Structures are given as structure tokens and as C-alpha cells.
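Below, each structure is written out as C-alpha cells.
One chain, subunit A, appears in both complexes that follow, with subunit B as partner in the first and subunit C in the second.
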Partner chain A sequence: MSAQTITVEITSIAQVTPLIKHFRLKATTGGYLPAFSGGSHIIVVMRGQKRIHRNPYSLLSSPNRLEHYEIAVRRMDESRGGSHFLHDVVKIGDQLEIAHPVNLFGLEKQARKHILIAGGIGITPFLAQLEDLRCGEVPYELHYSVRSHEHAAFLQHLGTREATRVSMYYDNEGATLNFEELLAKQPLGTHVYVCGPAGMITRVIDTARSYGWPNSHVHWEQFNAPPVGDAFDVFLARSKISVHVVPDQSLLECIEAAGVEVPYLCRGGVCGFCHTRVLELDGELLHHDHYLSANERTTGKSIMPCVSRAKAKRLVLDL
Partner chain B sequence: MNAIFKVNETFRNDFTFCNSPAAIRRFPLPFAEDEYMYSVNIEPHLPGPQGSVSEFAFDVDEHYVAECHEREIVLANEPLRFQALPHMMSAQWDCLELIMESLARDYPKHFSLSKRNNHWQWSNGPLNMEQRFTFGDAATLPRPPLDYITRQAQGDFVVMDQREGNLWCEAGMVTTQADWSLDFDMGMTFKEWHGPVPLAHEMGVFDRAIKFLLNLRLGQPVRRLNWTMTVNPRLDTSPENYPHWGPDRASVNAANAGDLVHLRVELQGLWRLPRSNAVVFGIRCYLISLRELATIPKWARRVHRVLKKLHPALVDYKGLTRYREPAIAWLAPFDDGSPTTPGTSPE
Partner chain C sequence: MLITGIKSKPIYTPLSFDASGRYHILLGAGVGANPLLRVLAEMKKTVPQSMIHARVLFKNASAIEATAGNVSESELAFRAVETVELRVFNNVASLLADFHILATGSLMGTRLYVAGPESFIGLAMQIALQFNLNQDEIRAEECGSLARRVFCIHCRAITDEVVTNIVKCACQRWLLVRDHYSRRLAAYMGVMADAEAPGELPEMREVFR
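Now for the complex of A and B:
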């Protein structure tokens, strides 16, 4: 989406764990940033020397404090440049562009109880949601799993007020979260939310399903970084141009660099907004999104260019 | 807006409502061509031309005070025209903020809003109201937030919660509706709520609309026009009050259709709400009699042709069956067969 953006200035940068940096952003025009709900993310537009990066980051600051937004960025092992840019390039006082917040991971307002399960950097959307939950009357629990004490970002944010609501699990102490025990006996009307590594999300979904939880009560969010892959070529039928997709840029990024706009929201394979029709395919689509159903994948008629790629002699898209 | 509020006009009993020549010229005609069929005619709710109904987020026109009075009359008799389920409180505050901020920004001569943290002061000149309150604390307002602010706004409002990949109609203020009932539709999904609309479901209109609305973005509202017709300038054509207005349809003949039959246009706006992640659906009703419409020659020809060619299922759904013929007959002398220019402008 050629979304209008907000220009923000970085007002503080803090290394909160060996891998995670915390950023505070304020509007360059002064005044309040747009209100948002816990679980929202923003797309941060980073104009690097070689290319533009657009990455989604959950807002972790309080929805009640709009003088600034806060995000946390984990340095990715195989960084395509976005997390590297934020970790190593930007300084306090630099300006970035962000899009308005979007919430694809909101709390259910009718829930009788909320169970939040975080793994590592997956804590970020919950930090904002806890601000809302703290003011409400619905019971909630946070289960937060990290490698070790030094990786437990934002424990100080959780503060003493949350002490009775937060259970910590440190991998290096052998403390693991028992999903079966947690999900086996919850009152009707409980909603579970999970954000963390793919394996954790899968286990929560599978466990909930095995205990008969309705799908509507199980929520998860994981922004896939677009995976690195082999180069391939794509022809855009309506624009009548060929685009070469390089290994470390996504299909969406390469299409944008060629001057063609594709509507998007999350850029992480979640929202389905960049859904694109495949007109011709001689080869294989490499789907990395969480949006298309297994059936849709096998028909090969659709692709989410934000995270998915192809291994094909010929690929024609309806763009 | 420069219009003077017509504070005493009525939308019932003696029906003194009428449009000034300026109000006629800015009427949002929904027909860009000489025939009509459904489409997903959604466009960004960007500021339109100066003086047009889409110049601002919420249009305030010469009927503002009279429409607010009419709403009070309806609510005094039927308090359930406002409803909000308990989980919609944050969405109610979002709506109050959206409307207050918009009116104060767009009509500073008439409305003002000042804020010191959560301490807000609201002033509504046309209705002579002042209110200090604490944003987020419903006990500091005389009524629930959505009830409070929509009594000071033209048009109906439905607030939809978003969950399970769907939108649910779970709060609203509905007193100026074209024959549908908030009380009946509360708790329904967007598609269930629109269940009675013919043809559109089969055309996939609602599948596309819901997909679009689920991804509606903060700061990027959208709008569309919808239309029907009403006998007499009656805002409250509710199912609850059908005995009062249904029989009016039998009173229309080719001689009186120009004064009795009104084109009823809804300017529908949709906004994502920030704190609740809900969506508010504003349905603003504009009325114009065929006689007023016929003062614009192009519009008379166009509406005459649209009515003549209208799909039978739409004739029935819009409730025009009994008086479409007299309306066409009344408009016929204004249609000399000459072409109309494309688009909806008066010339």
C-alpha cells in the first residue's frame, strides 16, 4: 500500500539483551502519535544506502502513552539488512518513516480469561496488551520463555505489579513450559495467544486443538522475515515488465524497486493483503506465508510476494 | 459551512423539511450514469471539493439542529435505538474522540475541544452544550460516550467489533434508517446484518466488502454512497414504526409525487478505530424531493431514466413498488431525451 507515513525521530536506543535493542520514537512534528491497541505493529521504512527496508515491529509501549512509540528489534542471524540497519547504522536523532499501526493480533474483548505465551522477542506485543489488561477486570496470565536471565528482555517493564501474573521459564535452568498442563484445564471462554519461535507456535496450536479448543480461541502472530533464496525471474503481466529477484531481497521488494506498487499491510506473510494471482507457472512456488490454505498452495494460483519465492523457469503474475 | 441552521424544520407530522437552493446543488446524487446496479463502490474518504458533502470527515449542514432534535424525539419514545454491548466501551470512546476531534477541527466556529491529558472540555455552539469530562471515565458524562456524542451528530452510527475474521454489529445509534433495525441486528455479523439485500450476495459484493473492511487502516477511512426512496421527508423509517409510514406509500399519485417522493441518499463512511480496533460505520442520510431535484435539469433526466430501468428485485427491496410508476410519470415531462453529461455534477 502506498500508505501515508509518519516521520519519527529516534530519541533513545538501549541494548536490552545481547541480541535485542530497544528504540523509542517520537513524531518529528511533536505532539501525540496515533492511538493504537495492544498487539499492533508498525512498518518501519529504513532508507539504507543500497535499498529500502520495510520491516514490521510490534509496538511494545503503553497504548495510554502516545508521546512516543517503543519497539524492540532482535538482531537476526541471517539479516537481510533491516535488523542490521537498526542495530548498527541508526543513531539517536536519526529520522525514520513509519506507517500507521495495524493490529492483526488484538485481544478478544469477550474473553473470560487471557493466557499469553511469549518466547524470546515474542514478548513485545504482549507488553502493550498488558497495559490494557492491567486496567480491566478479566483475569490473565503471561508465560514467558527465554534462553537465560540475560535474555529476559523487559522484565523490569513487567514490574512488581505483574509478579503474580507472570511465570518465567529459563531454558538454561531446564525450566520448560508444559503446554499440555497449561491448556488442559482452562475455564470455558479462555483465549490463548502465542508469539515466539515457529516451533512454539505450532506446539501451542496443536496442543490446543488436541484438547478441543475452538480455533477462534487460539491466536498467534509470527512475522516471517522474508527468507533468503535463489535468484529467479518474474514477468508482471499488466505492467509488462520483467523483474529479477535477487537472493537476499523478497519478491515484493524487487517488484517495488521496479516501480510497481503492490498493496500490503504486514509484509510478514500474515495478513493476506498482498495476495497476488499467478497467471503462468513453469516450476514451483516456495510458499513461506501463514495465510494461504494447504489447498490454495497446491493449486499454485496464488502467491504472497512479501515472503514467498519461486523456483521456476517461468512465472507470470497479475500485476 | 456558511448555512444558517433551520432549527424549526420537522421530519414528521407537518414535514416542514426542505432544502435551500445551495443544499440542492450540493446534494450527493448517487447516479454517475443513467442506470444503476450494485458495485463495491468504495473510495478513500479524502477531503472532497470545498462545500461538497465530502469536504470534511463528518458533514454538518443546514439541517444539523433539526436532525438532532428529531433524534431526541425518537429516543424519548424508543430508547433501544441506542445500544452498546459491554465489550464495546473502548470503541464508544474511540467514536466520541473521532467525532469531537473532526467537528472541532472542521467547524471551529461551531465546535471546540480542548484537552489537558485526560481532562477534556467540549463545546457545541449550535446545540448550546458545554461538557467537561474525563476521557475514559464514563461516569463523567451524562450518557454513555457513543450515546452522548451521536445525539450531537447527523446520521446513524454502527460500531462493529472485529474478531474471528469477521465484523460484528455490537453498538450503535440508529434513528434515521431506511427500514432496518439496530435492535434486530445487534450481535449479527456484517453479512447476516446485510442478509436481506438481494442480488449483492450472489454477486460476491459482501465477500469482497468484508475482506476489504477487515483490512481497513487507521487514518485511511473510506466512503460509499447508497440510496433508496422515501415518501415524505421522514428520517425515521424504521421497521418498528412501519404502521406510521408504510401507508404513506399508498398516498402517492402522478400529481403529488413531486412533493411526496424523496430520493434518500446515504453517505456511508467507515473508519478503523484506534484503541478498540473496531470499525465504525457512519450512515448519513440526505433527503431531496423530486420537485427539488427537478430544479437541476440533468438530474431530473437522469433519475427518470434510472427509475425506469431499475432491476425489479431492487424495486421491491427498496420498497418502491407502489409508487415507482407515479414517480416516473411526474419526472417524465422533465426528460426530453437529450443526453446527460457523465458524472454527478449538476451540469
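Now for the complex of A and C:
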């Protein structure tokens, strides 16, 4: 681990939609958990039978209530094991390790208005942010898009507290969010935040750009689960070892399993912490991150091992 | 002198048109009209006139006095631009008040261009900051006087139009003018120059023209 972990106990598990489970965690030592701000995530370390999973989950509980943390986990269709582990294996009273909260999706303190856009499980970071916003004087609105009523997680919670500030969009009723209408006429100093499926994030970024929004006012977060792919081999130059990367584990996970530590924060291709230099490459890097620029991708000198892979005869990393 | 390489000292670059913007606000003072005319020429082909607003200050006798270039020529050239909504002011306060009203009604997608003496840019930026305009929404070109607004860190008074390395504040302290700049106050910091050895002052020199 690159950061000290905290041991927590699961104190409640609730099925909030057909696909989403809600977990409440408290420190095994008792007392308060570390303070965090809305938009933060934790890494949950899960010791499965075959391997260790480390997945990022946004904290959805109130930053003002530190006696427990809450996360929500969506069951992934092609789970590599993490969401499956939390959905099917763990039970109340089990212990997990978590890393300290890190915020890569914080609210802009100077903003004059906040527009939050959530798709499905992407609601989670906003639930914590709403706790912060509710105490402030800056106007805000939440636009929440889900498949159908039964998939709308935490709606009851939102409905009572944020009724006038939430707009719901149900796919099965044909209600779609009109991004153009939403972003065309916002006052100076507005910030937009989006968390949801990749397509939704792209739409928001593109629409904002087409209306002249500068990058500094557009915020998004999406944790990519590391995609599965073909096996490949990598040589770590400084450690002088070869590592075989199997299809359903990430490059980072395989490097860690070989006993080499790589600094990381998000494990989802966002934060840039695990940025690693590529020393030799005979083949192709398969970039899946949101961090490297188009230029950095083409030069092939860098890789984000948390989500990216390679199709190469030879790959040497500066690790 | 005391201080060099202070990071807060603003850096200005020649103005150019930012095509990623949708609406454009141009603010100029004195010879600052010239860079604005250049940007307007660049915009002309692609930006509808209704999306451009210009506010220009001419003939200001006190606070801001252009020392370089020929103001009357730029004024004539600017008044000849009839295609954009243009308002001309003869004092800074009215121009800034008008900019505040303009910003209140403005939308995301707006770009701000400021050209003029440094103190004018600072005051315009101070308002831009209130509207949370970030660095990627603002461009500024310094032209004209480098005279500074100086904030006394002891009594908090602001002295305008400081052109010398030391200046006497309203509180009677002699202040050394630092490069340390506050965007919030739109002023450079002035610290007592002879606090350690009363009466021992550096030679007064004109440095901000």
C-alpha cells in the first residue's frame, strides 16, 4: 500500500436498487474516521480467496458525520471481482481495510453557482457534496438521470431534503436531459460537475465547450474499472524482474502482486499518481486512462498502470 | 532592492482573440484601446456583433494617465468602430461600475480582454475575480503607466499612482513598495521602509513609469 490504511467494520448493508448495495462502515478502533470533503473517495481493499482487490468508491455520507462512512456499490456486469465481492461475499460485522479519503472531485469554493449532473451510480459523490452545499448560500441544482424509478438510488433521501433542487430524468419514460438547454444560459461563475457513464460525461464536456465554457469550470469524475484484455509480459528495469499480466488483472495489480510498490490514489485512470515511464516498447500501449494528453499517448513514453495495458513483444517500465 | 522574483507579480501578454469564447467583453484605458482594436479586427469575421461589448476609458485626468502612445489617435480609431456595443467613459469608477452591471448579466462562455495601465488592469481583475472568472477566461495586456496602487500593510490605506521605490503613506510611514501583489486588493504591498533603523531610508528613485 502507498498509504496507511484504516480497518473498518461493516455495520449495515442495504439493497437500495436491483443493482446497488449501500454499506455503512465504522472504525474498528471506535471513534471518528478522518475528516473529508464532499466528492472524496476511498480505496476499499478486499482480500478475496484468490487475490486482493482495491477499488475506489465515493463517500456518500455527510462530511459532518464522521462516526461512519457510507459507500454504494453497483454490481458490475463484467465484475473482475470487486463489486462481486462486496455484493455476494461480505456480510455485516466483516472487516475491510480502506485507504484515507482523497478528493479529486471537490466543489469549487469560489463558484457562484453549481450544476451537478449524475447518471445512475454517479449520484454518490454528489450526495456528500449536497451536505456541504445545503449549508451554504451559493445556488445549486442537481440533475439525476436513471434507467427507471426502481433504479433511482437514494431518491427518498433527496426528495425530502432537496425537493426543489432536484430534477429527475427516467430513461424508461423517455425523459432525457437536454444538455444544450442546461448549459447555454448559465451566469458567469457557474461550475458544472458530472459523474456517470462515459457517454454522459463526454456529452457534458462537449456541450460545455461548444458554449464557450472554459475547462476550469467543467469537472467530471469517472472511475474506470481496469478493462480485461490479453495477457502480456512486462520487465521492471529498476527492480530487475519480469511480471506476467493476466487477462483479468490490471498491470498495477500484477506489479503489486510481484512485490513492487507503485504510488496511486484513485486506481481508476483519473488522478495521474501512478504515472510510469516507459523505457522500451516493441508494440502498442493500450491507454484506458483519462489523464494523459493525446500527445503523451502518441509518444508512448508514459503509461497509467492502474487501467492501461499493452500489446507488445517487449515492454520495459521504469519501476 | 529588497525583493525580486516574487510569484504574485502579475504577468501580462499581448492580447489575442480567444476563439473558444462565445461572448466577449473588452475593457481598455487610454492607449489600451489599441490592443482592443487589434482583437476586434481578429473577431470581426467570426463573432456576431451582438456578442461583443466594449468599454473604454479616455481622457482620465487623475488616476490613470497614459504616458506611451498617442491617446487621441486611438480614441479616434476606437470611436470609428461602429459595429460593436461601445461605451466610452471619462473616469475609472464609472467604467468599472458599468463592467460590474455587464458581468452580472453575462453568461458562461464569456471571455474578458483588458488592456491599459497596470492599475486599471488590477481594478478590472478585482471585479472579474468576484464573478469567478478564471485565468482561462481572461487576457490582459499592460500598456501605459506602470504606476502602482500600494497597500499599506500597517494602516491598510491605499496610495494610488505610486511611481517611486518608496512612498509616504497617509499614516506618515515611509513604505517600501514590494513586488508582492494582491489580486483581491488589486494592489502591491507597501512595508515600512525604516522600521529597523528609524530615519534611514533608501534613496527615492522613480521606478514605475
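The rule is short, and it goes like this: the second predicted complex is superposed on the first by the 317 of 319 C-alpha atoms of A that agree within 3 Å, B and C clash if a C-alpha of one lies under 4 Å from a C-alpha of the other, contacts with A are read in each partner's own complex, and residues count from 1 in each chain.
Just so it is clear, contacts are C-beta pairs under 8 Å (C-beta built on N, C-alpha and C of every residue); 3 or more make two chains touch, one makes a residue touch a chain.
These figures come from a predicted structure and were not determined experimentally.
Contact with subunit B, but none with subunit C, is seen for A:265 once the two complexes are overlaid on the shared chain.
By the document's definition of touching, neither partner reaches A:235: not subunit B, not subunit C. When the shared chain is aligned, subunit B comes close enough to touch A:4, but subunit C does not.
Applying the stated contact rule after C-alpha superposition, one finds that A:34 touches subunit B and leaves subunit C untouched. Contacts of A:103 after superposition: subunit B is touched, whereas subunit C is not reached.
In the superposed pair of complexes, A:216 makes contact with subunit B and with subunit C alike. Legend: residue contacts after superposition of the two complexes on their common chain; A:63 is shown touching subunit B, with no touch to subunit C. When both complexes are overlaid on chain A, the residue A:170 reaches neither subunit B nor subunit C. Applying the stated touch rule to the two superposed structures, the overlap between the subunit B and subunit C interfaces on subunit A comprises residues 108, 110, 216. Subunit A makes touch with subunit C in their complex at residues 108, 110-112, 183-190, 208-209, 211-217. On the subunit C side of its complex with subunit A, the touching residues are 20-23, 103, 106-111, 131-137.
Residues 1, 3-4, 34-37, 40, 63, 100-103, 106, 108-110, 216, 265, 271-273 of subunit A are the ones touching subunit B in the complex.
Listed in rising order, the residues of subunit B touching subunit A in the complex are 87-88, 90, 94, 97, 161-164, 215, 217-220, 274-277.
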